[in-house]
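Next come two complexes, and both contain chain A; in the first it sits with chain B, in the second with chain C.
Let's turn to the complex of A and B:
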């Protein structure tokens, strides 16, 4: 937007991966601009979690390359992981016998950039009880510890895999508020995957959509807002839409004289085509992120 | 100043924030030299991307509605009046929404205008 050439915190090229018969990633080219809050959307099993693990070299892809801050992940796994805060999808933890406090001190030693004062603040904000054992925590409590561990070293990259999963509504709100403050204080690139799209709607500025391992769309929120719109159109009876329109979802009134579509393209362009085909455009409305995402993923997939 | 964002609102968030600040100036809850919340505070309060707040503030600064005092924060411009320019942008936003609704309902512009005038006249009675 400001005319400067965009630099990317994360790029992948032709990332592909299979688990036996199942395709997890299929030729994925991610481009995550530095400083972006990039939301990865897709159905269960679409490849979101695998993508995050591959970025950290926790999984090795069958093909393709990953660069994180210019480092090849395959040969610089530890360096990349040192620069990342990661909340995994799983609530399982390896150190079940440790207390939360011990685990946090353990992490503090591991990360040179650990901010002790901030870690203490996070422990308070997330209501973590240092004396509790990891193995006795509920899903939500584990999540809160994971938030502390991911944020306290103020990493330049955050990978958050379903971060609000298991949190109660209050804790969810606190986590998202903390994230907003964190971004104001610390220059960070964030990759979030979530099924609760509306939760991150106001934080997201970039969006990627994964379907069956393929990245079917990747664009800025601004571009998405401009080019994925809902059209309400009046049409003559028996009317057929012009074939060249990219139609995502259709609703038709009884009698078929009013049609509502989500269409992808520049508004002026789409409107002109509809007019030329004999339709009258009654209303054009932008869509919430979730509805717009459905346009790319197909309604059955994100349900 | 209270900023409210409407998730159903079609406008981008930074525009909504800008309109909220303008509205506060026009109705007088924000006056010349009043401080605005910091980017961090507003981002936290609204749970929005701090960049979105920055963008709104930058645009408002360019329009001369607010200004930045280095190291001290963001303030409402001393020259800002609850007047012409701001009122106009607000009126335009309201009119746009009304027009959109009218179109959606197949109401013609002159019908809409005359109905608004009729209703307003009735309220004044």
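Let's turn to the complex of A and C:
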């Protein structure tokens, strides 16, 4: 992978998994650099949650290998989980009978690195009421408890599966601010799966895109900013784009003479090809992360 | 890899102690039911004693093995051994964690047995029945063995209750059919439900009148050994470490 550093917190090789007839993961080769905030994007059922479970050895892949900080998860599952803070996709909790405070104490026993003072701070920040029973919490309140559990042992790896799902706008803002502060204080590699890409745009520095279990793109934020661009192009009547262009999305003006394309590739190369084909490039604009991701996934689905 | 300090996994002893605590806390509703039942029995027995009755029948055995067989289902009520439970997120090897939970349940079962024995002794003293007449009615080894078998079923099978009720239903069906067809086809002889019953009765009386401690030790060793072997085999389904 171009431009990525050599040191990876997470690597997977040929990761494949099926649930019956359904393909969850298909030869996925993830590379998450140490210290990166890696955003995993994909439609529902693309395999994002399965990938996270496999990283923690909660699910066993049919093929492939996973290494987390150099540890093979198949043979070092507990050691890997000791390095990870995990927010699962589900808001359901097994221990509905337990109070939030007891659940936090229960989790603390399992992580020798648990920072009790920090846990108390997180409880205050997230507005968790230790005396409340888990079974009486709303989705958002359960999510806030899950944030405390995931962050309080300052794990080197955070796996956040739709972390802001169920949170109200204030709580979402508080959670993302706390996450940013956490990352500033604690050296952490983060893998976030989310549909709300704009929320993590300021944090993300790497992006991976899953479609039907396949990792269709994996690149750094800079690479994405540089290579996924929107081109406003004037074209002659009956003009056809050159076949070698990677077109992510197309929008044509009502008259049909002006076309807006999201194209993948180095700007200089793409512009040169368009010129050579007889088109005139009027404007080239960068895309927000969400637009770029959507363009990529759209391209994959079209293909 | 750059140099970084990895977080340690928890100490096994801490996990074990926490499981004992957490299983104890989760069993509070069960404890409440037990207290209510025992209180009701105490009341009935005391009333009978005060009105000149015998207090309680001292001929049969207490059905503690049946209760202990179902006890693991109460312990695992909030978790799915084969599903994605919160429990499995912890940095402890799954098989060990499952066994820690079984051990925690055993600790509470042993405590419950001890308290039940104390309750029984107190009632026996009240009714004028000696300790031998009360304690001997609790099949301790059988209670522990069925707890181990119950735990093994729960950890070894994805749908243990279906298996338990399915097997019980099948046996009842076979028994019923053989009873119905006994005279015309001799199915009873073939399937042997009645014969099995009598054989079990004979076996029971034979076990009940074991002559010496040697055979008792052998019986204990066999039943607990089989229970333990079944439990370990079932727990191995949750083994996490795989060799490449």
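Criterion: the second predicted complex is superposed on the first by the 293 of 303 C-alpha atoms of A that agree within 3 Å, B and C clash if a C-alpha of one lies under 4 Å from a C-alpha of the other, contacts with A are read in each partner's own complex, and residues count from 1 in each chain.
Please note the rule applied: contacts are C-beta pairs under 8 Å (C-beta built on N, C-alpha and C of every residue); 3 or more make two chains touch, one makes a residue touch a chain.
Predicted model only: the values in this text are computed from it and were never measured.
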Clash or fit (per the criteria above) of chain B with chain C on chain A: fit
Touched partner set for A:180, first chain B, second chain C, both or neither: first
Which of chain B and chain C A:19 touches, first, second, both or neither: neither
Which of chain B and chain C A:205 touches, first, second, both or neither: first
Superposed model, chain A: greater residue contact from chain B or chain C: C
Touched partner set for A:283, first chain B, second chain C, both or neither: first
Overlay on shared chain A, then closest C-alpha pair between chain B and chain C (Å): 18
Common interface positions of chain A, toward chain B and toward chain C: none
In the complex, chain A residues that touch chain B: 35, 37, 173, 176-177, 180-181, 183-185, 198, 201-205, 222, 225, 232, 282-283, 285-286, 288
Contact footprint of chain A on chain B as seen in their complex: 5, 7-8, 10, 12-13, 39-40, 43-44, 46-52, 100, 103-104, 106
Residue ranges of chain C touching chain A (in the complex, touch as defined): 1-2, 4, 6-11, 14-15, 18, 22, 25-26, 78-80, 84-94, 240-244
Complex contact set, residues of chain A against chain C: 7-8, 34, 53, 56-60, 65, 69-72, 74-83, 86, 88, 90, 93-98, 102, 106-107, 109-113, 153, 155-156, 187
